[in-house]
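Consider the two complexes below, in which subunit A is the common component and subunit B and subunit C are the respective partners.
Let's look at the complex of A and B:
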């Protein structure tokens, strides 16, 4: 119980630190601006494709700015504690290093949760508003009722959040042994890029005739998560993805986050503070 | 396994460091720098122990090893009989780091509450304890100000408040007056004297030898990671190499006669000269005489 309490206190403090960082305010504002302004990027007036564009734009903003937030918040909030030596004061108290790492991750997770929930709700409001307008302007295109699956939008937001948690865990793993914040942040973006291009490597190595390439490709695919897997729902499908598919993605994300977190704890446990 | 913070038995060993070696590896080639060289140190409960040494002598490294912040290359550090890495041992310790910085977005009160909660203080006792330590260090009126607005002296006092919030048996103070103006340093020393009067065990490092001499029961002099000298102040100033003669009652003429008498017997002219405080002289002699 005391362990959970200490992790909660550290997570709360991390979230409080994040809430007062101007860089994070800027990232969040940009994401909000993109979702709100998406419908004015072009003059769309031809029904469902516009809604598809709005949903893609909103989920894209969540993915892109969320990734920037996950990487910079994790790197910045972790290294700030080391550079200002506030970590020394905390770890000289009855606090385990594992609790410190979990507190940081949960604090960043809380920040990302707030970001994803707020953006998903904003996206739903924008989609609902535009869909209502289009239903009046083009009633024949909406003969079967609303086309946006709003539960799907929420599900897509939840899976984006899980993806961001995986990214934050991997960035924290790098930060646990890295000597500079810059390195951690750059490594975080590299992991993001690799994770999004994983499916290409996956296809390429499986087609290769060379055993060495297949081995190397397999190692890369195993070491880095595939971020495209988290895009199983986009909100405009007729129905939600199957429960088993969602469970598989959740297990995949939690598995990667758990392994990255365990390695970060191991690495940070050996670090000289 | 848990310690009882109210038990301040004087015969217990609060700090025990045995054969501590700490090597750092620096640069691309990984050159070894020995920061602590077979350090043995023992601080009994209820004692005020002053660890002295020039910059880079290993004082802060010794403290970080003691608190489990870094692992020694060899040797063992214990707090009240438990390894410093054990969180039960750290429950009994309050730590004020050198030139402390705290979470600047918090107010003084929020910061002390944060540290109190980390130490397991429950809400019922937390509020009273936080207010008590803030008032004790003289920050009661500034408690709602953000830490970023605190002066250096106030930061030191806030550091002491967070170190004391859980009523620890042992206080580890790393250069508690470093970088503080004379008035702030005097305030801090007054607080440490009050802690001494309460019977707490204190391990402190300092450059201000006069102040250490004033409050410490025992002193250790560290240089290049080696403990050159360790003992009570009485033992140190009574060192066979350092006898002291009080010449305060002699007139200037008598002092001149004594000086001539010494020179005539082949003693160096500087043998009889006004000098700094006694501990200063011992410190300078030992550090200057420590071979690299």
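Let's look at the complex of A and C:
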């Protein structure tokens, strides 16, 4: 019980420290501005129906700015404790290093949860308002009622949050042995890029004729998560994905986050601070 | 220690890959594989799309760039951007249909204009066939997500009819367009026309005869009267005896 309490206090402090960072305010503000402003960008939309375009902008903002927030928040909040020597003070008390890592991750997770929930609710409000206008202007197009699957938007937001948790865990893993914040943040962005290009690498190594290349490629590729699967609910008109698919994505995300977190604890435990 | 961490991540990821792979495969079936032209300067916008968000807005921006290449009649740029747009966001049928039109008609016209002024008819036909083939192959890549799109099947049929003069293929594609959800009435009429052009007037007549009773009289798009006229034309062409002629039911 005391362990959970200590982790909770560390997470709360991490969240409070994050709330004071101006960089995070800027990232959150940009994401909100983009979702709200998407209505005025629709003149540049050619291919997709308008509501789909708005949803793309909203989920894109959540994914992109959320990733920036996950990486910078994890790197900055972790190293801030080390540089200001607060970590030494905390760890001198009966606080284990594993609790420190878990507290940091939960704090960043809370920050990301707030970001995703707020942005998802804003996106739903924007979509609802525009859909209501369109229903008045084009009643024949909405004979069967509303077209936007709002539960799908919420689910897409939840899976984005899970993706950001995985990204934050991996950034924390790098930070646990890295010597500088800059390195951790750059590595975080590299992991983000690799994760989004994973499906190309998967296809490339699987097409290889050589079994050795397939095995080696598979091992290297598997060290990084693939982020494309977290977009399984992004299709606004595709309906909700199957429950088994959602369960797989959740298990996959929690699996990677858990392993990265365990390794971060192991690595931080051996670090001299 | 970093190597040990990498090894553990690799092994754990190997196990987790089996959990995520079916979902990844389902997404790939829904959206064709992203193919980037390595030699092409795609700009920083593509990075946004690659990093998981803004696929729609980035594809829209690329579509604007495509218009610019199209206006300059830049064949290589148009070809590359047509593919890039649908690689970034394959969901809107609009991109596929208009991209196919550019490849089938515009690029063919530019190639002909760029050749010698006295380009022989067989050379022109060759270019039309090549471009139609390229456009149809391009539309084939849309099938995983647009197989039930009437508009995409219509475009396929139009290219087969106008550029390839392949009436059999056109008849097949118009029929697929008619059978697709929300298939337009004119797809059914064009199916009959393509059958007629393919030298199968009896099948065209049979098709129109089974089509006509289901056409609503109060819908101009259904053009029930025009369909009846075509039935009469075909009956006359085939010398169908009056006793065997189609008799529409009173509605």
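Please note the rule applied: the second predicted complex is superposed on the first by the 264 of 273 C-alpha atoms of A that agree within 3 Å, B and C clash if a C-alpha of one lies under 4 Å from a C-alpha of the other, contacts with A are read in each partner's own complex, and residues count from 1 in each chain.
Definition applied: a contact is a pair of C-beta atoms (placed from the backbone, for glycine too) under 8 Å apart; a residue touches a chain by one contact, two chains touch by 3 or more.
Because the structure is a prediction, the values reported are computed rather than measured.
By the touch criterion defined above, A:32 lies against neither subunit B nor subunit C after alignment on the C-alpha atoms of chain A.
Of the two partner chains, subunit C is the only one that A:193 touches; subunit B does not reach it. Look at A:142: by the touch rule set out above, it reaches neither subunit B nor subunit C. Greater residue coverage of subunit A by touch, when subunit B is weighed against subunit C, goes to C.
When the two complexes are overlaid on their common chain A, residue A:84 makes contact with subunit B while staying clear of subunit C. Contacts of A:227 after superposition: subunit C is touched, whereas subunit B is not reached. In the superposition on chain A, contact is made by A:270 with both subunit B and subunit C.
In the superposed model, A:173 lies in contact with subunit C only, and not with subunit B. When the shared chain is aligned, subunit C comes close enough to touch A:63, but subunit B does not. Contact with subunit B, but none with subunit C, is seen for A:92 once the two complexes are overlaid on the shared chain. Judged by the document's definition of touching, subunit A residues 270 lie at the interface with subunit B and also at the interface with subunit C.
Those residues of subunit A that touch subunit C in the complex are listed here as 41, 44-48, 52-53, 56-57, 59-64, 67, 163, 173, 177, 192-193, 196-197, 199-200, 202-203, 218-232, 235, 238, 241, 245, 248-249, 251-252, 255-256, 259-260, 263, 266-267, 270. Within the complex, the subunit A residues that touch subunit B are 2, 5-6, 9-10, 13, 16-17, 20, 84-86, 88-96, 270, 272-273. By the touch rule above, subunit C contacts subunit A in their complex via residues 1-2, 5-6, 8-17, 19-20, 22-24, 26-28, 30, 33-34, 48, 50-57, 59-61, 63-64, 85, 89, 91-92, 94-95. On the side of subunit B, the complex with subunit A involves touching residues 64, 67-71, 87-88, 90-91, 93, 95, 97, 100-103, 105-106, 114-115, 117-120, 159, 162, 166, 172.
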